[in-house]
Each structure stands twice: as structure tokens, then as C-alpha cells.
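Just below sit the structures, each encoded as C-alpha cells.
Next, two complexes with chain A in common: one pairs it with chain B, the other with chain C.
The block that comes next holds the complex of A and B.
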């Protein structure tokens, strides 16, 4: 469908409300944060307006650098795990009957209604020594005695993948439903076994969808703050945890702001790089 | 036996018989058209030959070997889909050589075969083009070339030309037939277009409601349709009610045609007569009289619609053969007995 481009000021009116919201709740606070990141900390009265790079300088240390690297690595790992699990699952789901699909999708949507706190504490119970799944393994004779599986990196990863998986499936689902099933049939008539047809045809045909989903889950996981604290050791804490710690417990707002700005810039750069690489490959 | 045979194939979806006890023998090198209205089971039958559907009962035998349980990718066939199903992320050349890559052919072999096939479909030098940049007819040819890459034993096409405009479709029908004859490959095409079937096929299989209604050479189907449905589906026809009068003569509408014998045991039937066999004459000279109700002058041929007491008969003739009659005029009609076919109504 082709529409007329908007001409008069009145044609742009529907944009006014979202624009206002974006300005009031995103641009203004974000600008404030950028400004604060250059302010000087004043232990007696929060901070004083200034223009110094101290906060950024302090960030450039081995400690904060490694926390940033860990946060990025965790977010990438969560994104890769989610897509690796969700892509084949969603593909098989679209091959099921309408009823089966509905039941699964409703189930997945209901997971979205759980808050991060509930997910965190449920997993911490599930992975605990006293009431966790290792008790089941002991009961069926696979283990000698129950063990605690947390706090650990594995527990953080499990919880975050669990939290992001429904989003991943819901983003992949429309693209996979629209995929022409005869593409795979064509590959099969040309001699490809079903798994080979899947990797030769479905995966490349949906490359852009996969890249977009990876980026979405990456950004989603980067902001994770609660689950690393509930399920992980301090060494598994993300930059978001440190930012909160600085802002709320250390009352060092300029430093927290500087870390937040840095995190946003790094993630924007990574997303941009992914898109750039994707476009170049596509051109070949 | 060399060729394909389908033995008592049935396919049931729930309690619906999509294909109902179909048997068919296709000698090697035959061009078969499965023809029928939508939902008659022709596509399902083709998909069972390809192995994309499993028959509920019956067997598929190719060159003497039962391939009913052989998965699609081991059947050595080429198939063109209605949607063409070209791989959007691959170039023309990579689409065509896909089957060769799967078999592990060397780069040089692949390139050579792609050249051959592009020459075959008359698109030389197209190997590097992206599929998205092709026109409808070119995509069609690429899909055909891709299916033929491994010189398959069976060439299957599911409504291959339906996306093309009428002129291109007619041209492609001729090309496809010539290609098939050059390669001598056993070919099955699903179509709902009877002109397409008449143009290309050695053997036309008319299907309806999951069953084969008639399988014969195109001209035999046209001249001797098995029943009223086939007669009506293949080309234009006049289906007229016929019965036997007290004197034992066959009466079509009000016209007694003694030379036309009804099959024994049948007292009521239909008579199919093609419009080009209906001749116009002066009133009283033919077996029936009627009024011209409409004239469709197509230039090359003229279709005359004649109303006979509520029944419409269509006569087709070239302008030279046809007496000059106009709407509202009384005319006589001749129905040559040798052109009439008695079919079950």
C-alpha cells in the first residue's frame, strides 16, 4: 500500500505524543546523565557542576574493564544460547498443528508475566542443595548426595537464558511462520537430507531475522541487574550491578553516570559493528 | 519395466480421501499431465511421487524398484514448485549447482554443468546474477534448470507456469515440451489449464474427487471424453440431453438422430458435441431450429450462441465457413452423428 507523504503540520500531529514522551522520558534524562558524568563528586553534597574527565579516567582500570568485558561476554553468550535453542524449537513449533502452537505460545507468554525477582528466586531454589534438582538426581540414583549449583556462572546463565527465551521465540515466530515451506522441499528434491536442508536453506534465508534477534537479546541481557546478584558470585556481577552500587550505596552519581554512558556507547558500537558486518557479507 | 507405475495409491487426510485408489502406468520418456479442478488430488498425487507425502496405501514403482519408502532426497528426481522455491540467498549459478554441491562435485564440474544448463534454458552468462533480479520467465527457466542439474529419472512440475502471464505461459508450454522431447525424460506436470495439457502431454490424466476419470492421449480425450465432466473440462462443448424414443431412435433435444446409437442399457444420457462440429444452415434444413441469441466475433473465429427452446448451443466457425447470421435470426442446426459422443450425464 502506498500512502501520500505528510504535507501539512497537522499531518504530523499523531507524532506529537510519542515525540513528547521520548523527549521527556528519554532524551532529557539521558542528557542529564551525560552532563552528570562530567560533574565532580562532592562527598558532602552529592555532586557539583563541573567539566572534568575524572569519572571516565577512573573507569579505565583493570577492575572496571574486566567487569565491562564480563558483562558484554555474558550478554553475548545469553544471546547466542537463546537463539541456538529458540531457532530450532520455533521452527519445529511452526510445523505443529494450530492447537499445539497455541498452547505453546500461551505457555511462553505466561512466562513473560513472571517478574525477574520471581524467576531469580525460583531458580535459586531449583539449584539449591536442600530443595534443588540434584535431590531428584539422588533419588533416581545418578548422584550420591545433593549439591548446591549456585552461586555460579552457570546458574546466572541459566536464569538469564530462561528469562530471555520467550522474547526470542516470539520474535522468531512470525518470520519462521512466513517462511515458504517449499524451499525446504526443493532442497530435499535436490538431494539434501532434512537437517542439511534446514542449515542450507532456512538458516540463510532468515539470516537478517537471526541477526536482529541476537542484537535484541544482547541488549536485553546487558541491562540485567538482579539475576547475577541472586544466582551468581560477586565475580559474576555485571556492570549494571556496579552502576547501581555506585549510584545508590556509594552516592557517587557522576561515576555511575559515566559508567552508564560508557556501557551505552560500547553496546551501540557492538550493534553497529554487527549490522555493518552483516551488510558487507550480504553484498558479497 | 522401465518407467513409473503407481499401484492402487490412496492418501487420506483425516477422513478425507485426497487420492482414492489411483493406479497409473507411465512408460519411460512419457510427458504426463495431471489435469483437474483444484482439490481433485492431482498435487497430492505428484507429491507422493516425489516422496513429500507418504501414501496411506499403495506403492510407487520406478524402473522396477519399489520407492514408496525411499525418502525424497534419495529418489533422484527433479521438481519445479508452483512458488518456484528458488533459494533467495544464492545466485542463479549457485541455485542450479546446489544439487551438485550436495553430491560433492568439484568446482570445475559444477561450473561446467551450470554453463550447460544455462545454455539449455537459453540464459547464457546469467550464473552470477542474484535470483531477485530476474524476471518471472527467467526465474521459471532457472527453476527448471536447477531441477534438471543431476539429469534425474523423473521430472515433476507442480503448476509450474501459473505465475506467468498468458502470452509467456503459452510460449513456455512449447519450450517445456521441446525440452522434454530433447532430453527424453519422464515428466509429470500438474495443471488445471486444459490448453496447457493439450499442448504438452503425451498422456493426459483427468482427475476429479481423488480419482482418475480418464487417462488417454490428448486428442482421444478431446474426441472421446469418458463422461460429461471430462467433456466439459476439456475444451468447450455442448452437452445436450438425449433419450431413446418409442421407435428406438436416439433423440437429442427434439432432433431424432437414428445413426447415433446409445449404449445398451442406457435410456437417458448426454450427448457431447464440440462447437466446431455444430454447423449452421437455413431454417428447416437442419435437425433443429433455433434463434441466434448472441454473436461473439473474435476475429479468427466466430462463436454463435443459438437458443433452442431454452437450451443454448454454441457453434464455432471461421468467418469464411460461417453463413452470415445476426442476433434474432432464425437458423437451422446440423449435428453430424459422427461428431456426437454419448456420455453418462
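The block that comes next holds the complex of A and C.
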């Protein structure tokens, strides 16, 4: 099929609806947020329209810097874990029969129907001392007495990886299904073992997909707010938790907006950097 | 329910005038209710459910004012919504139940109407702490509901009830406590001041606050969970996963009634008494009905009913109430309560919040 570039205004018409949605539901709210982040906070009531840098100034401290660094580190770790688990899994899944694939994909889709709250509470039960998995380990004699595995950093990471994994697999799946099987056949013919073919041929061939998936999971995990609260200690709280505290409980909208703008800018910068590095390596 | 009835009327109207008339005749009470109505904001969940089933139907029967109850989030989210709506001249609710800090902040922002106290029959019987007065003496809020936050324990884990808030500081309770996560809803600074510093007046100065923060930081190793969501702690308390903490006296009472191994103790320093006030938002045009509503809610009869059915502490003085000693003890205590320093959460809110967050996160 030959694609004609759009010429007339009517050719661009199908773009109008998505563009409108983008303006109404993204550009307008985001601009409002940027504007509010410069407003003046009045602790006794709300805020007054103004143009001050107080809110950004308050954010630039060691305390908030370390919370931001922790949030970014957590999101990166979640992204890496998800892709490390999901990529080999999806690859093996595409090698399975059609029926097996369907069953797995339906199962994964059903995990997506769980809300963050349900995931959080389920994991907090699973990792608890009174009803958790350590009771099973005690029953089979591996442990002396049940222990609580939460709140801890490990619990937060587990919960977040669990939540993001179905998305990761669903994003990787189309690319892996479409992967030319002759590539692997050629590698095998030339004497590569299956793991070697996987790491030396399949993985590099899908480099861009992997990078794109990492970025997607990173952005997805960065906004996480509930799981760090349910499964973690206060030191495992992300910046999103503090933003919510300011916005909802302190009604300090300007400061919450400033923190959110900062978070968006930093994550955009990181995504940009990743793409830039990727492109440069590609050019070599 | 009311909205369903209303839509059925409008559908009949489309079908034809005769049918519409028949439909209206069949529901005269709805017609009358539509003449006078009031949107009342109450905390969503347990409070709204209790009010909808025990309080509002009788109010409508007695006054002919239909109540549409609006579920509002606790904390200051509702204040933010009311404020945004007021800027557009809208009132998402005519009367709202507001937390004390939100009531003070709303007053500072000019969000509430001044109340005419001559319309409240039992105004003189209200405990002074349940009347919100502005500096010039005008009244803008009347106590709606009051509740206690007490020292709760799991009876399987703690055979003996603790007697003092000092139990939080006991090294034997390492990693066993569930405490509220925010400075402005846990009131732990007040608890610290009352337990170790001879009263909440010690928090008047910044040195006093610093001292309270330092003392409170000693509790940190004992805290397993800093909770924002009540269900999170309640479940852990019932199972014994987190066997001690601070929690709501009324909800703990419900858990005891359901047979869970928990208890609520008024420590010798007193339980923390928090409360919500009724306020009328400025854009509301239902001032008349709203006053009738607040008057109705402040009667001894209704305060008693609420203590029995909803589990709230009464806002009126004990002598005018018809509660038995046992009923009174279920919702309140003769021990002088710890009254939170709401003024601090308005005048020093950002400073306190920053210090608090750094204390628990750091």
C-alpha cells in the first residue's frame, strides 16, 4: 500500500480529535500546574496568584533532593527488574503454542484489572508475619518462626515490579512476535547455543524496543504513590507521596505543583538523555 | 433515592402531561421535599452511612427539608474543592462537616457564612470548645461530631491494658506501633507535651516545639507503620500484626462488638479529642434551611441518638443529655481530654509539616 502525504486541510482532519483531547486533558492542566507553582502560598488559607520562586526555593534542599534521588533510583530499579524478567519470559512465550500464549496473555491482562489498592493490600498480607508466606516456610521446616517482611524496601520493589510487569510484557510481546525467526535459525546454523543466540542476536536486534520499554516502565513507576506507602517505611516514600501530602493534607498547592513540575522536568531530562545516548551509539 | 425519584418524574413528563400529573400525585412527599432541600457534606464511608440511615430521614420528616448527603473526603481535600467551587460561585454542599484546622483555614479565607446563634435553641448548652468564634466574637461554626483517638492494643498480645501514652516510648514495644502519619492528624506533639511536658501550653514557643520533636523522635524505632489510611492499621491491629497504636475510639468499639481481640484505653493523660464543625459555605443560598439543620443536630435528643447509633461523643454538656453512664462511657470519658492545638496547624503549618516529615522520613 502506498502512503500519500497529507495535502489538504481535510487530510489532517482525523488529527483534530486527538489534538483536542491532548490540549484539554494534558496541555491545559499542565500549564495550570506550572502557573500555580509560581503562586504565593498563604499558610492560613490557600494561595494568591503571584510570581514568586519561594516554592522552588523550598524544594532545593538536601532533604527533598534525597527524596527525589530515591524516587528516581526506585523507578530505574523497577524498570530494570521488569525488563530483565519480562524480556526472557516474553521471548519464551512467543515460542509456545498459540493456545498457551492466549492463556498467558489473558492471565496477564486480568492482573491489569487489579487496582493498586488491591495489589498493595494483597502483598501486605502475603508478606505479613501473621498470615504471610513465612508461615509456609515455617511449616516445611525452613524457618523457626514467621517474620514480617514488610515494611521494607524489598517489599516496595516487589509490589511495584508485580504491578508493572504485565505492562512490560504486553509492550514487548508484539515486537518479539514479529521478530524474524530466520535470524535465530541462522545463528543456530552457525553453531550458537540457544542462550548465546538469545543474548547475541535477539537482544541486540530488539535494542530499541528494550530501551523504549525501560523508559515506559520508568515513567510508570515514577508516579507510584500508594505502594511505597502501604509496603514501605517512611524512608521508602517517593516524592509522589510528599506531593500528595502537600496537595491534599496541607492544601499547599503551589509547593505541590512546584515539586510535580520538578519531577516532570527531571524525568523528561532523563528520558531525553537515554534517547540521545542511544542515538549516538547507533550512529557509531 | 431522591435523585432516582426525580428522574422518574422527568421521564413521565416526556411521556405526556396526564401521565406526568398522575406520577406527581402519586408522590406528593417528593414534591414537597423538592421545595425545600439541603446539600449536606459529611465524611464519606462510615459517617455518611450512619447519618443516611439514622439521622437524615427523621430530619426530613420533622422539618420537610430533603437532605442530599454528599460524601466528602476527610482532611483538607474537601476544603480545597469548596474553595475552588466558591471562586466559581458554586456550593457543592450548603452545610459541611469540617475538621477544626480546615474550619480555621476556611474562615481565614472568608469561605464561611456568619451564623445567627439566636436560631439555635440549645446554643447555651454547647461545650465552649464546640463553638467556633472569630476574633470579633461572631460565630461561624458549631460542633457537629466529636470523637476520641485513644491508645489501642490487641488483647491477645497485651494481656494488660496500658495506662499511659508513655507506653509508646517503652523500649519493649520496638517495631510494634501503628501511628497516624501526619503532624496535623496524629496530634502526637500534644500527646508528648501532655505526657512529658506538663501540658500542651508547652508548645507555645519554638523551643517547646523543638523539645517535643526531640522527645517524639525517640518513638521512631517502635513504629512499624505510619498510616494515612485507617483500614491499613485497623486490619493489622485486629490480626495482631501491629498490636499497639493510636486509633479511633468509636471504630475500635465496633471492632470489639464484632468480636475482634482489641481494646481502646483512655490513658491517664486523657484521650485525644478531635471534632468536626458544621459550617455554611458562602455561595450557598440555603442559609435558612442550613440554620434549621444545625439547630436540629444540636438538640440533646439528636446528640444522644448519635452517641448511641453513630458512636460520636456529644457536643452538649453532660447534664442536658439523656445518656446512661454506660452509654456515655462507650463514646467518651470523664478524664479531661487532650485538645489539639489547632491554632498551631494554621499559624505554623508549613514549619511543623516540614519538621515532622524530616523527622519520620529521615
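Assume the second predicted complex is superposed on the first by the 283 of 284 C-alpha atoms of A that agree within 3 Å, B and C clash if a C-alpha of one lies under 4 Å from a C-alpha of the other, contacts with A are read in each partner's own complex, and residues count from 1 in each chain.
Methods note: a contact is a pair of C-beta atoms (placed from the backbone, for glycine too) under 8 Å apart; a residue touches a chain by one contact, two chains touch by 3 or more.
All values reported here derive from a predicted model rather than from experimental measurement.
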Notebook entry, point to check: In the superposed model on chain A, is it clash or fit for chain B and chain C?
Noted result: fit
Notebook entry, point to check: Between chain B (first) and chain C (second), which, if any, makes contact with A:229: first, second, both or neither?
Noted result: second
Notebook entry, point to check: According to the contact criterion defined above, which of chain B and chain C contacts more residues of chain A?
Noted result: C
Item checked: Which superposed partner A:258 touches (first chain B, second chain C, both, neither) -> neither
Next item on the list: Give one of first, second, both or neither to describe whether A:41 is in contact with chain B, with chain C, with both, or with none.
Entry: second
Next item on the list: State whether A:127 touches chain B only (first), chain C only (second), both chains, or neither.
Entry: neither
Margin query: Could you work out the angle between chain B and chain C as seen from chain A, using CA centres and rounding to the nearest 10 degrees?
Written below: 150
Check: Thinking of the overlay built on chain A, is A:207 touched by chain B (first), by chain C (second), by both, or by neither?
Finding: first
Next item on the list: Scan A:67 for contacts with chain B and chain C and give back first, second, both or neither.
Entry: second
Note to self: After the superposition on A, what does A:245 contact: first (chain B), second (chain C), both or neither?
What the structure shows: second
Notebook entry, point to check: Once superposed, minimum distance in angstrom between C-alpha atoms of chain B and those of chain C?
Noted result: 47
Next item on the list: Spell out the residues on chain B that touch chain A in their complex, using ranges where they run on.
Entry: 50, 52, 71-79, 81-83, 85-90, 98-99, 102-103, 146-147, 149-150, 156
Margin query: Can you tell me which positions in chain C touch chain A when the two form their complex?
Written below: 73, 75-77, 79-80, 83, 104-106, 108-109, 181-182, 184-185, 224-226, 228-229, 232, 235-236, 239-241, 346-350, 353, 357-358, 360-362
Check: Which residues of chain A touch chain C in the complex?
Finding: 41, 43-46, 63, 67, 121, 124, 128-131, 148, 151, 229-230, 234-235, 237, 242, 245-253
Next item on the list: Flag every residue of chain A that touches chain B in the complex, lowest number first.
Entry: 180, 182-183, 185-194, 196-197, 200-201, 204-205, 207
